[in-house]
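Each structure below appears as structure tokens.
Same chain, two partners: chain A is paired with chain B first, then with chain C.
Up next, the complex of A and B:
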């Protein structure tokens, strides 16, 4: 898929971008079927930018994120396309290069913080160990860095908390500890895979605000993956919407939330329950997302789309400009 | 199984038709008084409880006939424990549950079996609540069969219900849970809950695990079914938007107690408990020009083990005064009585705007 943002790009500017993904395809082979998880994604990220990938389960948002970190199972996952981060080709990296790249250039936080820590070691020691391995300093220096990090992610009584075991921390606190661990080697890019989905509302907003503050303080870039439009609105500079392994719309927060153009994005916004629709039926999107092993030849959203015509079912829509920074992949934008 | 306290009639078809409305429209369908459940964590040398989780700590509420009562709160507030206590999946320590005038359990009351025919529950995890070795049709027909409906009739009923929840019986009746998507499984769970023709449905985070586009479909289904069968819902969720959409009245829980209760619109327009205020301003904004700048509360919800003296929201409350540490506030009516809050300063809070709440937070160290 060739969209205006790529077509009009000046090659000389490319190295300045932190992330440059072009025509990425990811498929998974299982004995019975081949699942097309990501189907031609083009994505760029400027330095210091917060980008959100918005999508539902099976949209390919997490797979795209994991590809940036090369976390997918090597044997089963088939990768095709270009993934450059900070001028380096991620798909061509050797194992040694990868272990240097992970942590220092790119780090990731997950939905379930407890799984990022080993339950039988103290949190402080685990962070110190990470710093020691990546930066070759002593354990004591690593611990000092861990304390610094705990203060940075605003964990109260940080010194005491370093001696805690993972199970002794509450949900919000362990999420902060995981952010500290991810930032321990000063990555340029932080990947966040639904990091607040399992948290309570009053804690979620604290973590979202913390991530925004840290981004400003450290000048890093963040790619945030979520299914929640509200969360996307709170954190992002730019949003891309994914459906069935493709980006269907891309624009600034204001453009996506305020003037969604792709019928899927419009449907997603309209189906949100709120107080205004009390007593009325919600405008739910009918049907279900397509089976990724049997993708239709045309637009994957066509079977559920109120605007679909024959063209939609036959040919894949190209990206079309809505405004300079806003595009959508739809044949029927004007309909 | 067949000889439980079932005094109605021997004809199974009639027996399954619940003795509908008894006390009339004005009598609450469900009345809960002083419901309490403490989980004991540790005991001392004498076997006495040394520390306990105050999961549900004296909760009173009514569910009126035909309404949807929403329960909101964060993890550990006791909303799911309340649901499980009502279904007697957990035995309450104390308290009374009255279903349409009949006390549940105990001598002369409604038997658990009878109660569960009138009251059914749908859980959050659509997969673990279905038996993986039963087809969808068998799962739905199981309840009616246990309650004495013939095998053929039960299956017919299952097929009719599948159709009603939007799954074509021809396609789905013989499928197994692992062959369905999350949304489809939740529809099956709803059909199964309806198979005994209950009057009250408890929905415990029933749509929370679904994708947004599927969630909207299931919410529409719930609204349709409610109208069609004259159901009453107890809708438990952490999602304030969904609760506002579906509920007639809302109850806000905090650490095992009711913090605030009232008609949905009144409560959302003028929340009277500082905790409800905080919960509402913690909702992610949907306006790119008005993003949240400051978190309304710091820290996590405390665990309900060591409760502070006085009001349990004290340690996190931006409006706390000395009196709050001394006295635990009861749920008190505000104005017309349809709206009540357990806060000493409730009358002031509902008049405040967000800005003044934020300033008072800054002043308090």
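Up next, the complex of A and C:
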């Protein structure tokens, strides 16, 4: 393994995967109970790849994303496993190393762009602050970079907008500004936590297209987290589906959307609204997600699964290959 | 900019209303304002003469007009009790009160901000519970009682500090010397306890609230270290903290009556206290007017500072 101080700077000698997560467990300790949020996730990401983690709330997708930056509350969150990003062991980083790594190697955009800026500082200053932090340039140089970034994310009258406060921007505009902020130090990996959920439908697609275009231009990798199958379909190369802190299915977009294999994924796809179904009830998956402090010993989806048999309730299903690049963790794939 | 102008112009009607209130005080309060000047059995010619001298024989609107005109020129009339100029009395008392208030707020606000920030950052910790307990206690203690307790311990038993007055002698002048400062210590500590508790609790709540905001996670996600994040937190907490401190400062100036009485501190509180007992209405009127205008100005400054710190305020 590379030493964290020297690894990751030299791209030519870095043939390894950008992200390599192995057997990640994340638990949250509260006075009353211990919540198993992530339970043995293995995940890899190639350079330049766009991956979507698809799942409902409480599936562990956002927690997995935050682990890549170690943004979870230090005292309450228990992390176990291996998280390597660009050859560096994220879980072993010191506080100093972490703050240099965050925003520079890996950046993040959030669900509520309006709430993700400090309300009492000008947007331009907040971007310049980041550039200064990581590149040691002057505030004026930071502002100049912010202007370039605003033009790159196509914010109209960019110069004037830099002097705006967050509350003076619309939702779509502030998500563009957030993207500009995230890309300010040219990260290799962009983490997007439901970046379009809080936006209008028409703005959503603009933001997704912009992200895709910037990804191609800058050659970075993106991990999207969403519960929206439409968003996943629009942007990703590959999709992993999470349920109760585990990845239950993984494959290319075409495979997951076109040939879902895990009963949970099949349920998710069937529950989408589409034009032909006008007037019919949506096919919701019966039941509710499991209590993460009392996980069953077998498959966590078994209580809601139409195919479940006794084996499912007793033993945890291992990943089984559907095709070369497509697998699902289910005992009853053939049923 | 128009927000600032509007806010400044707003002071005019408020001040006028305050003036009207102070003026009516004399006529709303039970009893005749003449009682304090002339004895009840004085002959009616004397009463009428004094009435004319004080202008009490004119119609009320005219009295108010004259009173405002004179007040604007710094003439607040004469004390009914000792015939001295009210303005002179009030301003010399105000100076002493300001001294006490500034000292008390320096102590109270500094400790309050410090404790509140610590408790807010480490919410739920032992330190937090300790600080919160201290804050609740300090707000609950009656300060005149605490004042007397301090006098008993430090003046009577230990004989370390004086128990009354603003300094040696009674000249009314004040100097930045130990001989004067030692007189300031006990009343300032007594007066600082309540604002300390209030500021602690407010700052603790606001710091915790700001830290729970999503932008704090975003600040950490862009690689800012603890001290830099703290700077953002401070600027977000400042408007609310300032508002509370401004109000407290006003409260301290007006509300130090009990503490000034306990320590015989020659400030506006003591002046008011004496004026109430002597039914000295001109002094009462003048003191309340000056304090109220002071309070209005203080609020203006706080509002302007707040708007300067938080851009969202100017919009509303």
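Keep this in mind: the second predicted complex is superposed on the first by the 315 of 335 C-alpha atoms of A that agree within 3 Å, B and C clash if a C-alpha of one lies under 4 Å from a C-alpha of the other, contacts with A are read in each partner's own complex, and residues count from 1 in each chain.
Simple rule for what comes next: a residue touches a chain if its C-beta (ideal position, glycine included) is under 8 Å from a C-beta of that chain, and two chains touch if they have at least 3 such contacts.
Owing to the predicted nature of the structure, the values given are computational and were not obtained by experimental measurement.
Novice: Identify whether chain B and chain C fit side by side or clash on chain A in the overlaid structures.
Specialist: Partners fit side by side after overlay.
Novice: Now for A:57: first (chain B), second (chain C), both, or neither, which partner does it touch?
Specialist: In the superposed model, A:57 contacts chain B only, not chain C.
Novice: If we overlay the two complexes on their shared chain A, which of chain B and chain C does A:258 touch? Say first, second, both or neither.
Specialist: Touch status of A:258: first partner only.
Novice: Taking the superposition on A as described, I'd like to know which of chain B and chain C A:267 touches: first, second, both or neither.
Specialist: A:267 contacts chain B only, not chain C.
Novice: Please work out whether A:116 is in contact with chain B alone, chain C alone, both, or neither, and reply first, second, both or neither.
Specialist: In the superposition, A:116 contacts chain C only.
Novice: For A:129, select first, second, both or neither according to whether it touches chain B, chain C, the two together, or no partner.
Specialist: After superposing on A, A:129 lies in contact with chain C but is clear of chain B.
Novice: Between chain B and chain C, which makes contact with more of the residues in chain A?
Specialist: Of chain B and chain C, B contacts more residues of chain A.
Novice: Regarding the shared-chain residue A:204, is it in contact with chain B (first), chain C (second), both, or neither?
Specialist: first
Novice: Nearest 10 degrees is fine: what angle do the Cα centroids of chain B and chain C make about that of chain A?
Specialist: 70
Novice: Once superposed, minimum distance in angstrom between C-alpha atoms of chain B and those of chain C?
Specialist: 9
Novice: In the superposed view, which residues of chain A touch chain B and also chain C?
Specialist: none
Novice: Which part of chain B faces chain A closely enough to touch in the complex?
Specialist: Spelled out, the residues of chain B in touch with chain A are 74-75, 181-183, 211-217, 219-220, 223, 238-242, 244-246, 264-265, 268, 278-279, 282-289, 291-301, 303.
Novice: Would you mind writing out the residues of chain A in touch with chain C in their complex?
Specialist: Checking each residue of chain A against chain C gives 69, 71, 95-96, 99-104, 107-108, 110, 112, 115-121, 129-130, 133-134, 165, 167, 181-182.
Novice: So in the complex, which bits of chain A are touching chain B?
Specialist: Residues in contact with chain B: 56-57, 156, 170-173, 200-206, 208-209, 227-231, 233-234, 253-254, 257-258, 267-268, 271-275, 277-278, 281-286, 288.
Novice: Touching residues of chain C toward chain A in the complex: what are they?
Specialist: Contact set of chain C toward chain A: 213-215, 217-225, 228, 232, 235-236, 239, 309-312, 315.
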